[in-house]
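In what follows, structures are represented as structure tokens.
In what comes next, chain A is part of two complexes: it sits with chain B in the first one and with chain C in the second one.
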Partner chain A sequence: MKKNIQMPKLSEQMETGVLAAWNKEAGDVVKKGEVLFEIETEKVVSEVESMESGVLKEVFFEAGDEIKVDDIIAVIDCD
Partner chain B sequence: MKVFDSTNTDVYFNLAMEEYLFKNNRDSAYLLLWKNDNSIVLGKHQNIFEEINLKAVEQAGIPVARRNTGGGTVFHDVNNLNYSFISNQGDAFADYDQFLGPVIAALNKMGIPATKRRTSDIAIGEQKISGSAQTVKKGRVLHHGTLLYDSDLSLLKNLLKTSAGKITSKSVKSVRSDVTNIKKHLTDQTMSLETFKNKFLVTLFPDGVEKVSLTEQDIEAVEALVNEKYSRWEWNYGQSPKFSFEKAAAILNMKGREIHLTVKLEINKGSIAKGEVSVDGLENTELIEILTGVRYGYNEILHHLEGSEFAKDNELMADCLTDCFI
Partner chain C sequence: MEKKPEWLKVSYNKEAVEEVSGLMAKLKLNTVCKEANCPNLGECYKKRTATFMILGNICTRHCRFCNVGSGVVEAVDPKEPQHLAEAVKELDLKHVVITSVTRDDLADGGAGHFADTIKAVRKLNPGVTIEVLIPDLQGVEKHLDIVIAAKPDVINHNVETVRELYPEVRPEADYDRSMQVIQYVKTKAPQIKTKTGIMVGLGETEEQIYQVMDDSLKAGCDIFTIGQYLQPSSKHIAVKAYVTPEKFEKYKTIGEAKGFHYIASSPLVRSSYRAEEALEGGKS
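Up next, the complex of A and B:
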């Protein structure tokens, strides 16, 4: 089953976040709880962990991109 | 709240200590106070090559360290006091006021007219005395900041980026601010940083606070983290986002002949991945072949160009040639 990963809304005021770094690449096996990517906003670094185990199928943004809250960042093919 | 007052002034040790206390003993809250010897500290997602003057920093032998929080590049010396709050904050995000509030209130009680500026700075008038940044993980927050007490900021000038080359990347950029030292604004001009620090602690915690120090076991774990991560090229340089570099330069060879070089490089994970060089308008593959896979740095590039056929054939000094790539 495929599942979309969206840009999380980390605070009331947050409208966009910068995907500052990828910790996984497309094609990588991902375990639940592993860090997928990091967001930086207002000088705060926040690690986003995978809620699923599976394979990271598609990645739509690269490190440094500013992304709107709820936009789809990647797709995971769940186990 | 427990207070650690670090006596170690090694930037890598102090950053590793922060991470260790952030990730372990997760039910405890801490305030860390620490100072670093001359060093440059980068935000987690910055491109080191875009922030510093590589040649000047390598030649001055100043350590460069990547921290775990966001934001820009800061110069540290022993007259800058750093503080770190580590605590559990639940779902709050980017809440700077819970930490900046008490710090500003303590400074005000000490007679320093400090105010909050922007989201995460403290200033006296229009001049910044403190910048801060955070990292959050599973409801735990690390908030740290600088307190410029009596720093010699003139050292910084030639260490920051001045290259004639053009760097393009999507890294987090630094924002330059007009800064001032706290000491300049005190009535007692003889107050040492040590005295200032003790007064700050007493003002912050008028009812007293528990002071603790790292156990031998803690120190071992922190030193392991220094060796595995904080002192390593892979973390400080190799973690930089990929970028491209372009430079056009005219250099003189030993016979006084002018040679025109244009250089385009792609740097990934801190090393030269590919590029194009032209010499007097003609494509040259020799130099790129020599440099592909080499760590991007002045001494590394110099080392690979010294004794190269290209330098010999064109009667070029290797350091002049190296300047074209930095």
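Up next, the complex of A and C:
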């Protein structure tokens, strides 16, 4: 089953965040709890953990992109 | 957005954050974690811990570092003490930290509500240790007495920054009054652990930091915290410097040598971060 991974809202006022880095590439196996990507906001860089286990199928943004909260960042094919 | 140093990295687990956030919403409770946009929210919520913020989420002061909103304050929720006690039970906390907005509009500054909350938590959660992080209550001794009489285990009042930066950072507060709050608590109730803390990276010098340590010790402070100031938004006071982890370690070593029972000093330390460890460390 495919699931969309959305830009998380890391704080109350957050409207956008910068994708600081990908820790996985398309095609990689991902385990639940592993860090998928890093988001830079006003205060810190957050390592965002995957909520699913499966294979990362597609990614729609690159490091350095500013992304709106709830925008689809990637698709994961869940186990 | 300015690139952050590599040591300012935190973890985020959506499920954990939503679980604790959901409980707070259900019980109509505020956390300073959320209101202050705390960088440690993800870690603390994953451990099922949070710092409660009572007396609403609107503050009557306008400190330039703080993300908590100011404006028209709300009426105090009389059910809040009971709800907070229920949340402590639900989260199975062994140590609870309770803070508040500053309520200069209330006759007792909110001291009575603090006391009611401490009592409610104790009643429903015998054995839990309680830390309150209080505003200065304008230094009014009879108001401080109300909080002291409820016998929290720790009374924390943050001086926040060095004396020289008060006009810029805490324009409505007074460095000496904050020190007097700590001194009064220690004099009146020596068994209560006293705690204070500062943010660094606001343009202070090392000597000014050591002066705060000396002043705090003189006032009878047991536990001291030092963390990096992080700018919540471009409208807030700017970060002047990102202090390195090595420098934080130096502050810890010097502070311990000066005589604090416990010092927490690292970039992501906040006054309530791992507060249980600080209390244990401060018991010696």
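Simple rule for what comes next: the second predicted complex is superposed on the first by the 78 of 79 C-alpha atoms of A that agree within 3 Å, B and C clash if a C-alpha of one lies under 4 Å from a C-alpha of the other, contacts with A are read in each partner's own complex, and residues count from 1 in each chain.
We take it that contacts are C-beta pairs under 8 Å (C-beta built on N, C-alpha and C of every residue); 3 or more make two chains touch, one makes a residue touch a chain.
Just so you know, these numbers come straight off a predicted model, no measurement behind them.
Overlay on chain A: chain B and chain C clash in the combined arrangement.
Of the two partner chains placed around the shared chain by superposition, chain B is the only one that A:Glu62 touches, whereas chain C remains out of contact. Legend: residue contacts after superposition of the two complexes on their common chain; A:Ser11 is shown touching both chain B and chain C.
Of the two partner chains placed around the shared chain by superposition, chain C is the only one that A:Val48 touches, whereas chain B remains out of contact.
When the two complexes are overlaid on their common chain A, residue A:Ala21 makes contact with chain B while staying clear of chain C. In the superposition on chain A, contact of A:Asp70 is made with neither chain B nor chain C.
The superposed model places chain B right into chain C at 223-231; the other stretches listed in 79-87, 133-141 or 223-231 stay free of clashes. Chain A residues 10-11, 18, 38, 40, 42-47 lie at the interface with chain B in one structure and with chain C in the other. Of all the residues in chain A, the ones that touch chain C in their complex are 8, 10-13, 18, 33, 35, 38-40, 42-49, 51.
Taken together, the chain C residues at the contact with chain A in this complex read 1, 3-4, 8-15, 34-35, 37, 39, 41-42, 67, 230-233, 268.
For chain B in complex with chain A, the residues that touch the partner chain are 43-45, 68-71, 92-94, 96, 119-120, 132-137, 169-172, 239, 241-242.
Remark: chain A residues 10-11, 14, 18, 20-21, 38, 40-47, 62-65 touch chain B in the complex.
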